[in-house]
Amino acid sequence: MINTQPTVTIWNEYRQEQTDPAVQAIYPHGIHAPIADHLRHQNITTHIATLDQPQHGLTPERLAQTDVLIWWGHRHHHEVDDAIVTRIHERITLGGMGFIALHSSHFAKIFCQLMGTTCKLKHAVRGEQERLWCVSPTHPIATGLPERITVPQTEMYGEFFDIPTPDELVFVSSFDNGEVFRSGCCWRRGRGKVFYFRPGHETYPIYYQPEILQLLTNAVQWAAPSGLQTVTYGREGRDW
Amino acid sequence: MINTQPTVTIWNEYRQEQTDPAVQAIYPHGIHAPIADHLRHQNITTHIATLDQPQHGLTPERLAQTDVLIWWGHRHHHEVDDAIVTRIHERITLGGMGFIALHSSHFAKIFCQLMGTTCKLKHAVRGEQERLWCVSPTHPIATGLPERITVPQTEMYGEFFDIPTPDELVFVSSFDNGEVFRSGCCWRRGRGKVFYFRPGHETYPIYYQPEILQLLTNAVQWAAPSGLQTVTYGREGRDW
Amino acid sequence: MINTQPTVTIWNEYRQEQTDPAVQAIYPHGIHAPIADHLRHQNITTHIATLDQPQHGLTPERLAQTDVLIWWGHRHHHEVDDAIVTRIHERITLGGMGFIALHSSHFAKIFCQLMGTTCKLKHAVRGEQERLWCVSPTHPIATGLPERITVPQTEMYGEFFDIPTPDELVFVSSFDNGEVFRSGCCWRRGRGKVFYFRPGHETYPIYYQPEILQLLTNAVQWAAPSGLQTVTYGREGRDW
Amino acid sequence: MINTQPTVTIWNEYRQEQTDPAVQAIYPHGIHAPIADHLRHQNITTHIATLDQPQHGLTPERLAQTDVLIWWGHRHHHEVDDAIVTRIHERITLGGMGFIALHSSHFAKIFCQLMGTTCKLKHAVRGEQERLWCVSPTHPIATGLPERITVPQTEMYGEFFDIPTPDELVFVSSFDNGEVFRSGCCWRRGRGKVFYFRPGHETYPIYYQPEILQLLTNAVQWAAPSGLQTVTYGREGRDW
């Protein structure tokens, strides 16, 4: 129904890749780079915005032209300006922009605000295997994927993950030590859609895996604006 | 992501239109006809199947080539053969065919089987107005529609409607006498998707309304197969 | 399973009742008074806290002893101190306190934070009738109630109501002009439960209606702490 | 709000325990016996009904006096009479009886009818460990339980489990080989509530574990009738 490809902006803290050799070794051009490369190969226009740019690269103009915002935050969540968080929140809930939070972005200010919960979880870095099982086989984000995706090495996240019950739970992960995690979750927030995706870590090459890249491309398509053309609020006779 | 248009089959009892002048006056070529015309104008291949055809027109070959089955049943639900109901159910849950139940099809055998409930409701024919309000503005089925659709004359259906809680509740109706109804509901059943849509009555020209036809086209697109390419079941080593 | 009665605190702005004769005429002792009276008749210990008390009456000690917090806010949402909002949010998500938001409290800071959305809606004061229909007949909050509750005179709220999809939708309202509204909604937030209830207006005697009072008592019982005894978060070996 | 204890009936095929020494060794008085003993210790009146009794022990009188029906079926699902299945279905959807399906009862006729899906899954008997993680910590069925329950030896069930999306997902399991499963699931069906619980196997002593017995007692309390006193259906002026 939507004939044109969405326009994506990937936001990245982009500091560890410039200072930490272990991260540079895996993501020399930034953890956003393999995702951006893959999206561009699909003819999806993709911009990059980073923490240290003016306004974190998220000017009103940039957001107005973004259909889906992908977010990677890790160690500097608190440095994101509250006014920019408010701007993103409005662009999602009132403007219909989609939002995809990756891995450690569960603690990003904008994600916590969208959820309304603490977004706490259990975690451990043990370099173990993760298996993602699809529990919603008809979901658009699962399109073309195998029943199970194996990530050879990852950081573990465990339940209870303090998020609102997902509107759609698409993937559940298990880890070598027996923990489980709701690792692919969808919510609707106002006129915008939100997807949380757990896999991804700055020292493992997870964002080079073909299934992961296909899944993220599916998520971009799902999160792109859809639905009613207008939604009005307020007092009768004034706004509607 | 799905580049080709889905193939639709509309199933209709198609008896009242041949015997009842009041129905003939509104739907001279069958209540399916304006829907089929509209879908075909959108380049969606659309077949018609009816109760009095051999196998009700739903041969294994026809179902295998159907991406979305639209169903209109009203007075002859009990005449639908149980073996055909089983065939449809398997085509949905195991094969991924979408299913759209219209109005009085809430009591169709296949719909009741998919729901697992009695599908009972309150009803009254008083020729009153219905207003459909969208409560899920980002939903694909709402794409391009106004916030409220008004149906000038309709039969009333009232809550409690004995269905499972919808996976996605898209539209809620109100009627002149104050009743409400969950009138646009989505469920996932195995590899298939199901949409129930309340409006439609054999003596009111509801299926000629442009918003209703656009909504049904959206529903066809939503219900078309998506998701995992294969799902396997059974004992380890034998089936997966 | 919970043998003891929950302890309730009702928070009220409590200004209009002291200054506006039209409000005083209906709720001379505060809009909280008939609710508190009813709960106390059910042997539920009920405290009152108001905007103009120190810390808005919501000291750490008071919150620690509150199982369910009922909230009435209307014109002074912005005067509620952000630090108190954070304190309430933690008491709900981490401590398990239940939260019930009444009517115009949809715009209370704490409710908006719990929802993660704008909580906008349509509204009009026309003194019309409201009918509440139960769409979840097994829900504990519906226990003992009739299928439909009629509120003779009320302010209208209309969809789209910008809330996350409720975990459980219990009541849907219709109004004389044909609007509908999801008027009884449940969510889970961390270890706490949240209920939004639409009816109630400072110039209509809605909180004296027996069905409304029974419904709110049911909501208190539902929102009281339940579930796991402990939930732990954080790094392995440190916190769990 | 419900002051009296529910009355439970446990239905069991009760054949393997009489013929298979490996099963007899674990459950000499039937797999229902430890559950019945535990419920009776909680002052919950508990009846036993079995496949080989007249009407499978499920006479209209017995069902009318049952608040919650617990079901264990395994190898003889097809021997359950369709008329009895219909009787149970009506008692749940129209009468409000709760229903708890245990383990291999995912293929019981009544469970499949309530779900509307195929209820297929993956399985393997490898005697491995199962860990149940609570993903809904406020849920009544989780009350008093630890964050994780470990079952030392069990049969594995794996996703995709072809059930409708649960209204409430309470527990997710992982197994030694990395599979996951939605192992504690709630649905509402008409006036009745349904809980599926995965653990339990005829050759492992799972139903003697204290946490499992507490969880099942919680499930009985949750599934007991609640909500509206009456629900009416049909044509205006005749039924409502």
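Letters A, B, C and D name the chains as they come in the text, with residue numbers starting at 1 for each one.
Criterion: a residue touches a chain if its C-beta (ideal position, glycine included) is under 8 Å from a C-beta of that chain, and two chains touch if they have at least 3 such contacts.
Predicted model only: the values in this text are computed from it and were never measured.
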{"item": "Partner chains shared by chain A and chain B (touch criterion as defined above)", "value": "C, D"}
{"item": "Angle of rotation relating chain B to chain C [CA atoms, steps of 5 degrees]", "value": "180"}
{"item": "Farthest chain (mean CA position) relative to chain C", "value": "B"}
{"item": "Chain centre separation in whole Å, for chain C relative to chain B (CA means)", "value": "37"}
{"item": "Centre distance in Å when chain C and chain D are each reduced to the mean of their C-alpha atoms", "value": "34"}
{"item": "Multi-chain contact sites of chain A, meaning residues that touch two or more partners", "value": "134, 136-137, 147, 160, 165, 167-168, 188, 190, 228, 231-232, 240"}
{"item": "Complex contacts: residues of chain B adjacent to chain C", "value": "129, 131, 133-137, 147, 158-161, 165, 168-169, 172-176, 178-180, 182"}
{"item": "Contact set on chain C toward chain D in their complex", "value": "1-2, 96, 134, 136-140, 142-147, 167-168, 188, 190-193, 218, 221, 225-232, 240"}
{"item": "Chain D partner contacts - residues on chain B that touch it in the complex", "value": "90, 93-94, 113-118, 120-124, 156, 160, 162, 164-165, 167, 187-190, 231-237, 239-240"}
